[in-house]
Amino acid sequence: MNSTAEAKHVLRCEDIEVSYGAFKAVTNVTYKFKPGLLYGLIGPNGAGKTTLMNALSGRARISKGRVFLNDQEITKQSPHARTWAGLGRSFQITQIFAEMTVFENLRLAAQAHRFRLQPFWRPVGKFKEIANDAEKVLSEIGLESFGHVNAGSLSHGDQRALEIGLALLSEPKVLLLDEPLAGVGHDVGEKAVELIRRVSQGRTVLLIEHNMDVVMEISDEIIVMLAGEILASGNAETIKQDPRVRTAYLGEDE
Amino acid sequence: MSTIVIGLSMGMLLFLLAAGLTLIFGMLRVINFAHGSLYMLGAYLSFQMVNLTGSFWVGLAVAPMIAAIVGALMERIALRPVYDRDHVYQLLLTFGFILVLDEAVRIIWGLEYKQMYPPELFSGAIEMFGSSVPSYRLFIIGFGAAISAALFFMLDRSRYGMIIRAASGDPEMARTLGINVSLVRTGVFSFGAGLAALGGAAAGPLFPIELGMGFNIIIDSFIVVIIGGLGNIRGAVMAALLIGMTRALGYSYAPSWVDFLTFILLIGTLILRPEGLFSRKGRTA
Amino acid sequence: MNSQRLMALLVAIIISAPLLLPDGQGIGLVNAILIWSIFVIGFDLVFGVAGMLSFGHAAFFGVGAYTLSLLTMRMGWEFIPSLGAAGVVGGALALVFSYFAIRVSGLFFALLTLALSQLIYIMAGTKLRMLTGGVDGIAGVPRPDLFGIDFYDDGNYYFFLLALFILALLISGLIRISPLGQALKAIKSNEVRAEQIGFNVQRLRRSVFTISGVFAGVSGGLLASLIFYVGPQMLHWTTSGDVVIMVLLGGMGTLFGPILGVAIFEFMREWLSTQTSHWYGILGLIFIICTIGMPKGIAGLITQLWDRIMPGGKS
Amino acid sequence: MNIVKSTILGAACAALIGGAGAFPAYADEPEAFKIGAVLPFSGPYGIIGKGMKQGAQLAIEMRGGKVLGKPVEVTWEDSETKPQPAVQKATRLISSGAQMIFGAASSASTAALQGITEQRKIPLLVTISADDKITRANGYHYTFRTSNTLGMEIRMAMEYTKAAGLKKIYAVGADYAVTRDGLEAYSAAAKEAGIEIIGVDFAPLGNRDYSVIIDKIAKTDADGVVLIVTGSDGVTFLKQAGQAGLGKTKTLFGPVLQDEVLAAAVGPDAVGAASGVRYHYSVDNPANKAFVEAYRAKFNEWPDSFAGEAFDGMSWFLDIVDGTGSWDREKWVTAFEGSVRENSVEGRKEMRACDHQALQVGLWGVVEKGEAPYPDLRMKITNIFQPEALFPECAE
């Protein structure tokens, strides 16, 4: 019923601000995300990228402004409610259930998505549907052969893939990926980029990434943040040409 | 007015009890349940010193030193192997310390109550605001203030304070800077144990010296430490005075509600400002 | 999972000791073990499974005991409904606590639950004395009157307690391997991630806290009936401390470990105290050594030994 | 994930083993007279347990260690001053053949023990717990108390108030049921006697600081302060009162305020404090002289009130048992009811049949400085009140 609205913007920020005491980590951010696009979020360290992502996923309290997901306001909702509303994310520092197997990790995400109240009267193994969900994603992220391995003992790259898998199980319309390639070796990196491309089919992805080549290559649109504000946005070419971006980057880096 | 003086003395006594606890927590992230037992040990040791030398002051000086050695041993032998584990284990260990320390005191000093008197200098009472205030109470106020000033100076101004703060804030970094973090930990635990014993020695002339004395006091110290903000010495002073005043006023108007009031204050703090009433930092996620 | 079975066997031997020994010896001890086991089985759901260190469970335990005593003695209720009510009241109080306490986590949670339960302790000892009998408590708490069996005989009461114990064990075992239990483990393992994949962390914590409150309430009611007495001592923070010690000693997060912890704790209390009046100190030393040397408690030790004896028998 | 299976396995195992076991009947031909003693030996109440143990030991020794021709065997168990261990241990003692239970110290533990002893029909000898509820009319059939009740001690305090000519009283009590009831009774009696209660404060049990209350009292024109507190609370009050000089203007007294153990903890500030005394070694009668002499010879110290009361109760009970010449416990109960002990260490005692409470004189004393061989601070017995004034009709 909200398909027309959905067609326009799947996620909308209206002038949001996140502040810690007097310090404004994110301010004046107004942005509309269209469905099905891959957004690259770039900016120097401390620009507020992760804070913005935290504000969107509910980990950081929004002190001003509003956020809408599919025209439904989620500003005050807790992270799990936003997940339910269709927002998934991965973290800069890998967040997985390290002492459980890869399959168990995924099954947890599956049950979190399937049940609002977690059943307690049957062993978890008897719920076939969640096992099926988990198996499906297991192969989607290319970890079929690691199902019974403890997640903590996976390679770093595989852990990041597992994290994406966990987010996928909530069938998100918007996927927030916080530096999924950080610390991943080059050869594995290509596999990961491939995975990101694949999961971005049919959903909106917001990707924080420092590797400019990758960002420029895979993003449909790029958002540049500086000092908590959005400095510029547009496609790769526009951004490369933008003088403000150039000064900001060159001034920061060298 | 005299109620306020008494409230101050109660507060300062509470501060002496709680200072070591909050210091240890601030540095080691350990809630030391055995703090009450160290306090009791301090009182007994000081009693013993008074018996041997006849001087209250010797007891006040020596008891904390011996307790500090005991504390250092506790830290070295038992706590050190479990720092990298969950905090629960450290807490359980301090539970074990309670039993062992209490037993040791029982074996050494027996079951009988012991008594101590204020030193000659502070044995009388002074007429103030129409009532006679025991001069030992005034001594407690002064002594507590002096100790808190010394602690501030040590933690804020001196090199030791910097080392301690560095080691507790970022142990890895401190290590690379050449600070012997494990020595600092032992030092802080030992110092905290000494402070507990100092509290015991100071409280000796006011309360019966008995085996159960550490048992109730630990809850009082927790209250002060929580209200002040865990690990926050400045907050502990304020909280101790707040509780002291609350109690003093409570005793003068509704004594049977005193414990109740204190707990309401505590629970209110934990619910509204879990980081402590006197914490300066804002609440961060 | 073979060490699991070994532990189950150990537990089975312990709880059937009165049947194995002549003269029904040790029946008083085993009855107490059964009751405390019901407590720790529930407590470990909170502590071992969900990873919340609560120092407030003495409150639910004690309130359950008072509920059963007051309903049977003052209101003339039957024993079984009163026991049910003890569980309900224990659970309800846990729910109330959780609304205050779950907002904070870690050590603050421990301290806040400690403070709340001490408040209940003070209330029971002083302000509610009309209800609770104050510091002296209430003596003469009854035992069940069912099927014409004399449950005042400890040998018969044993079977009643055994039935409840097995029921509690089954419920807890099922919860552990159910989606609920898995979700709780997930929260313990990584709270941020658990929340982000869509678990309502607060609600899950509240529910397990409440469930364990029911366990505590029932076991409190049973203890009151076992010793024919209820007093504020049951509400004191040291009771919560004892339970934490039992669970850690036995092995947190395992189904049978905490029960072994109870058995050892109660056995020490019974046996060591007849050997020496310094038993408390020895107990303290044992705790310290166990904590340093056996981080996973008895359960961990057994698993380790088992793996050594049966290499390759791993999972 | 075999937890459920393991559980079922374990349960089945237990059931199997259970089926094989049986309950052999207990052979009822005692080789010895077994006494189960449940006393606090660890924790802060340990001092009470120690005195009681020594007193009871001496009582058994002085009768040649035999009852009904069989040796007396006592098993000493630590109650930890907690009801649960007390009951647990009593249960075990009874199942291993104890003929009687001796203990406990705190009223709460004793009340808990009463449940089990009534159930098992085993006599319970109480020689220290003072809660009035322990012996009540038509109450516990198997419980006997040979020591004081708090009720009688509070009446003693009233008698003392009158005898000392105190007119204006400030009352301080520990905040719990028994003391509140006691203070109520005291106030009612005071009203009758024309004594004014000018203030009442209840402080939490285990109170740490009385200085504000002391300051409040100092500002009143009370001539006496009645303190219904026990143990360390009393010590704390007297120490702090001493520092504020409260005792100089007001008489400090209480039903169980002081004994020599507590006075030693207070120090010189205790001098002048008046209190009910449960037992005292200075009581002048042949039985007491013999006891004190034997006690000093054996333990090299003066018997405290815990030891004296325990000695007295134990000797009395064992005499009764011996007198019946029977192992039938019902006969002991019947024989104890209404029995009179003319030569107790505290003078004449009579075991009232209706509530199993020993009627006895009340001793009242004041702390004074002692000289060797006595302790530095000793109780001087100043008043002896007769049972008629201390025990109401058996009707409660």
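For clarity, chains are labelled A, B, C and D in written order, and residue numbers in each chain start from 1.
Please note the rule applied: a residue touches a chain if its C-beta (ideal position, glycine included) is under 8 Å from a C-beta of that chain, and two chains touch if they have at least 3 such contacts.
As the structure is a computational prediction, the values presented were derived from the model and not from experiment.
S.K.: Farthest from chain A in C-alpha centre terms, which chain would that be?
M.R.: D
S.K.: In terms of CA centres, which chain lies closest to the overall middle?
M.R.: Going by the distance between chain centres and the overall C-alpha centre, it is C.
S.K.: Once you find the CA centre of chain A and the CA centre of chain D, what distance in Å lies between them?
M.R.: About 71 Å, centre to centre.
S.K.: What whole-Å value do you get for the distance between chain B and chain C if each is reduced to the mean of its CA atoms?
M.R.: Centre separation, chain B to chain C: 32 Å.
S.K.: Where the centres are mean C-alpha positions, what is the separation of chain A from chain C, in Å?
M.R.: 42
S.K.: Averaging only over C-alpha atoms, locate the centres of chain B and chain D and give their separation in whole Å.
M.R.: Using C-alpha averages as centres, the distance is 35 Å.
S.K.: Which residues does chain C have that touch at least 2 chains other than itself?
M.R.: Correct list: 122, 126, 174, 177, 280.
S.K.: Name the residues of chain D that each touch 2 or more other chains.
M.R.: 1, 4, 42-43, 46, 175, 204
S.K.: Out of chain B, which residues touch more than one other chain, so two or more?
M.R.: Answer for chain B, listing residues that touch two or more other chains: 106, 256, 259.
S.K.: For chain D, which residues are in contact with chain B within the complex?
M.R.: Chain D residues touching chain B: 42-44, 46-47, 50, 175, 201-204, 206, 208-213, 215-216, 218-219, 232, 235-236, 239-240, 243-245, 261-262, 264-268.
S.K.: Can you tell me which positions in chain C touch chain A when the two form their complex?
M.R.: Result: residues 174-175, 177-183, 185-186, 189-190, 192-202, 204 of chain C touch chain A.
S.K.: Would you mind writing out the residues of chain B in touch with chain D in their complex?
M.R.: 2-3, 6-7, 9-10, 106, 111-115, 117-118, 123, 125, 130-134, 136-137, 205-213, 215-217, 220, 247-248, 251-252, 255-256, 258-259
S.K.: For a test of understanding, state which residues of chain D touch chain C in their complex under the given definition.
M.R.: Going through chain D, the ones touching chain C are 1-4, 6-11, 13-14, 17-18, 20-21, 23-24, 26, 41-43, 46, 75, 77-78, 80, 82-85, 87-89, 91-92, 95-96, 107-108, 111-112, 114-116, 119, 131, 133, 175-178, 180, 204-205.
S.K.: How about chain C: which of its residues touch chain B in the complex?
M.R.: Per the stated touch rule, the residues are 53, 100, 103-104, 106-108, 110-112, 114-116, 118-119, 122-123, 126-127, 237, 241, 244-245, 248, 278, 280-285, 287-288, 291-292, 295.
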